[in-house]
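The same chain A turns up in both complexes below, where it pairs with chain B and then with chain C.
Here is the complex of A and B:
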């Protein structure tokens, strides 16, 4: 869902650029506490993986395609603030080097695919993780639902921006229905890819899934109560 | 931790393969937003980006004749660029002294995003 130049007027694009800049500034501060010895090496990998998989458009209905947005996946892997930085780098390279997504629309794209997708995807993930069983399945289900909802959420916010400052004079109702409809389908793909990738990482190196560290902590607490305190502190 | 380095290396090679080889098999149908824009009659308001003349615009290495090679090389260059930029950014963020000023809570960005 890379927004090209021209869809939104200058005022709206300036507004989203300001929102994006504020979000990235917050992320620069917040990520400092996420980038520990395990998350730091994962940040680069998460960014390149999102970039690569975003190139893999998959077909959805009616001669339309979609691709992973990757916000929820990145947030569960490296934490939400670091995820904002990863997505911002990906979107910056896409806009500047590959002309994928407009230049004046860069703030819009960082807002939609970065802030909104990560905010909704990670928010839903955290909410579900708190109520679902603290198991691998619970974790994957939380991430899958978060990923699924993040896509139509970003689509809805685009429609909101389009209502505020869309250049074309078209009825908003049908635009909303079309955008949400197709992005619900794309969201299914988002959920499948997110769950598959997280499942693979959990199998090989569960300690590298930042959003799943509570599973390891629970496991470590049981047999070695003496080390539990130190482990919990290290993991932060 | 060497094992983490190995994991990251293997993951990066996988990303290079996806971007360099796998992307050839990606669907070229318009994406959700493009399709909606065309169908709802605002597709024509899209303007070419100022970066449209980039030698790598549209994931095509314009100096290479072979389509498959050209797209693959563009993907590989993209992966390396993203890796370099993210690594530098992470280094800079980690180098700043962690003077503990109002640590944002892990769940804060969701409140942030909902305002918009």
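Here is the complex of A and C:
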């Protein structure tokens, strides 16, 4: 679902490229707080993960299959700024190596799938997380709703851009309805997958879910009376 | 939601020793971007636009012939635009403006032009990018982007991505083989119960691999910068060769707007 070249006119493409460049510059600053000096290797492997998961096709309905966009998921896992960097690099590779998404439309794609999807997904996630109880279910629900809304939001912004600088004179009403309708369905899939993946990571390595740090309680180290006589090896 | 990118990053490259292969990657990147800009700048509703598209296509096919990239490889590159073919095919039906009758269907004239030109422009630039990927290794693209001053952090993320995509992709395939040899068939929504945790454990494995790589790099003296080789220099002739494609395209465009 990447915008190819020629969909939007040159002015709009330049505008979105400027927006994308500003967003990525902000993300470059912000990501320093999220991953300190480990930024490059960790963000690199997260980008590989997003790329690999986009290759995993999930069955949707009527024999069609879809794949994750992963913006909201990556934001909850590694933080929004690092997620923007990861998605930017993934889109860059897809445009350069696979010709998926046009080169002049790279700014548009980064704006839509990186900035808008992650901004909306993570914003909703943070908002709901503050309201819902601080439990595993609350976390998963917030992330799910965030992922769900991130997809139609990106679609809506795309329709807006198309209205602004699209090359065809279409009635925006029906196009908006169709795009948002289809993407509500896709968003549903995105939400289900995001929740499934997050749930699995929370079960095995809850410390890796950045958006769920508040769930980790400091465990107090204390001698347990029943194990007083055991050796160090036994009392793992 | 496009087609998957099977075969990893290396599959896009076609080894060769043509003049196109030998050009410095950053000159090729600039050339392809400039070409895409010229294609996008072609006015949609001009009568001579189809002729210009044909001219651009001819230029690309010439480059492909010089680079000895087979037509089959170019055609396979076009698979990514399938979802947008559908969108473009809808435009004549939903666009406003004067209608015309084609085979008994009432179609919008401007929608026809727009749909056709979207299709032509997307196809042309997909072909150009496919040529770039077919004649430049992923590592070369990385070097080119670095030369064009992409921020260091992005270059590093990109370099890790290029190095580890095949490793993580291999893990993904092994998990798939393991699932399927246990009788798993992902045909319905229930499959998510299996695929969700699989993707989750893929993330954990990737992240833990990142941690190990980072520690290994630290122990070898990593300070946040990767050493890079000597800066690539491209002389005037190399630039002239690389830029001949967008310049020729611009000439086609200029000729069209003057004569048409």
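The working rule: the second predicted complex is superposed on the first by the 197 of 236 C-alpha atoms of A that agree within 3 Å, B and C clash if a C-alpha of one lies under 4 Å from a C-alpha of the other, contacts with A are read in each partner's own complex, and residues count from 1 in each chain.
We adopt the following convention: contacts are C-beta pairs under 8 Å (C-beta built on N, C-alpha and C of every residue); 3 or more make two chains touch, one makes a residue touch a chain.
All values derive from a computational prediction rather than experimental measurement.
In the superposition on chain A, A:214 contacts neither chain B nor chain C. With both structures placed on the common chain, the touch criterion links A:136 to neither chain B nor chain C. In the superposition on chain A, A:6 makes contact with both chain B and chain C.
Contact with both chain B and chain C is seen for A:48 once the two complexes are overlaid on the shared chain.
By the touch criterion defined above, A:19 lies against chain B but remains apart from chain C after alignment on the C-alpha atoms of chain A.
By the touch criterion defined above, A:77 reaches chain C but does not reach chain B. In the superposition on chain A, A:120 makes contact with chain B only, while chain C stays out of contact range. By the touch criterion defined above, A:175 reaches both chain B and chain C. When both complexes are overlaid on chain A, the residue A:196 reaches chain C alone and has no touch with chain B.
Residue overlap on chain A between the chain B contacts of one complex and the chain C contacts of the other covers 1-2, 4-7, 28, 31, 37-38, 40-45, 47-49, 51-53, 55-60, 66-67, 85-86, 89-90, 92-100, 102-103, 167-168, 170, 174-175, 186, 204-205, 208. By the touch rule above, chain B contacts chain A in their complex via residues 1, 3-5, 7-8, 11-12, 14-16, 18-19, 22-23, 25-33, 35-37, 39-42, 44-52, 54, 56-59, 74-75, 77-79, 81-83, 85-87, 89-90, 93-94, 96, 98, 101, 103-104, 106-114, 116.
Of all residues in chain A, only 1-7, 16, 19, 23, 26-33, 35, 37-38, 40-45, 47-49, 51-53, 55-60, 62-67, 79-81, 84-86, 89-90, 92-103, 111, 115-116, 118-120, 122-123, 126, 155, 157-158, 166-168, 170, 174-175, 178-179, 182-183, 185-186, 204-205, 208 touch chain B in the complex they form.
Listed in rising order, the residues of chain C touching chain A in the complex are 1-2, 4-6, 9, 12, 29, 32-33, 36-37, 39-41, 44, 77, 80-81, 83-84, 91, 94-97, 110-111, 114-115, 117-118, 120-122, 124-127, 129-130, 132-133, 138, 141, 145, 151, 153-154, 156-162, 164-165, 167-169, 172, 186-189, 191-193, 195-204, 206-207, 209-211, 213-214, 217, 224, 226. Listed in rising order, the residues of chain A touching chain C in the complex are 1-2, 4-7, 9-10, 13, 24-25, 28, 31, 37-49, 51-61, 66-68, 77, 85-86, 88-90, 92-100, 102-104, 167-171, 174-175, 186, 192-193, 195-201, 203-205, 208.
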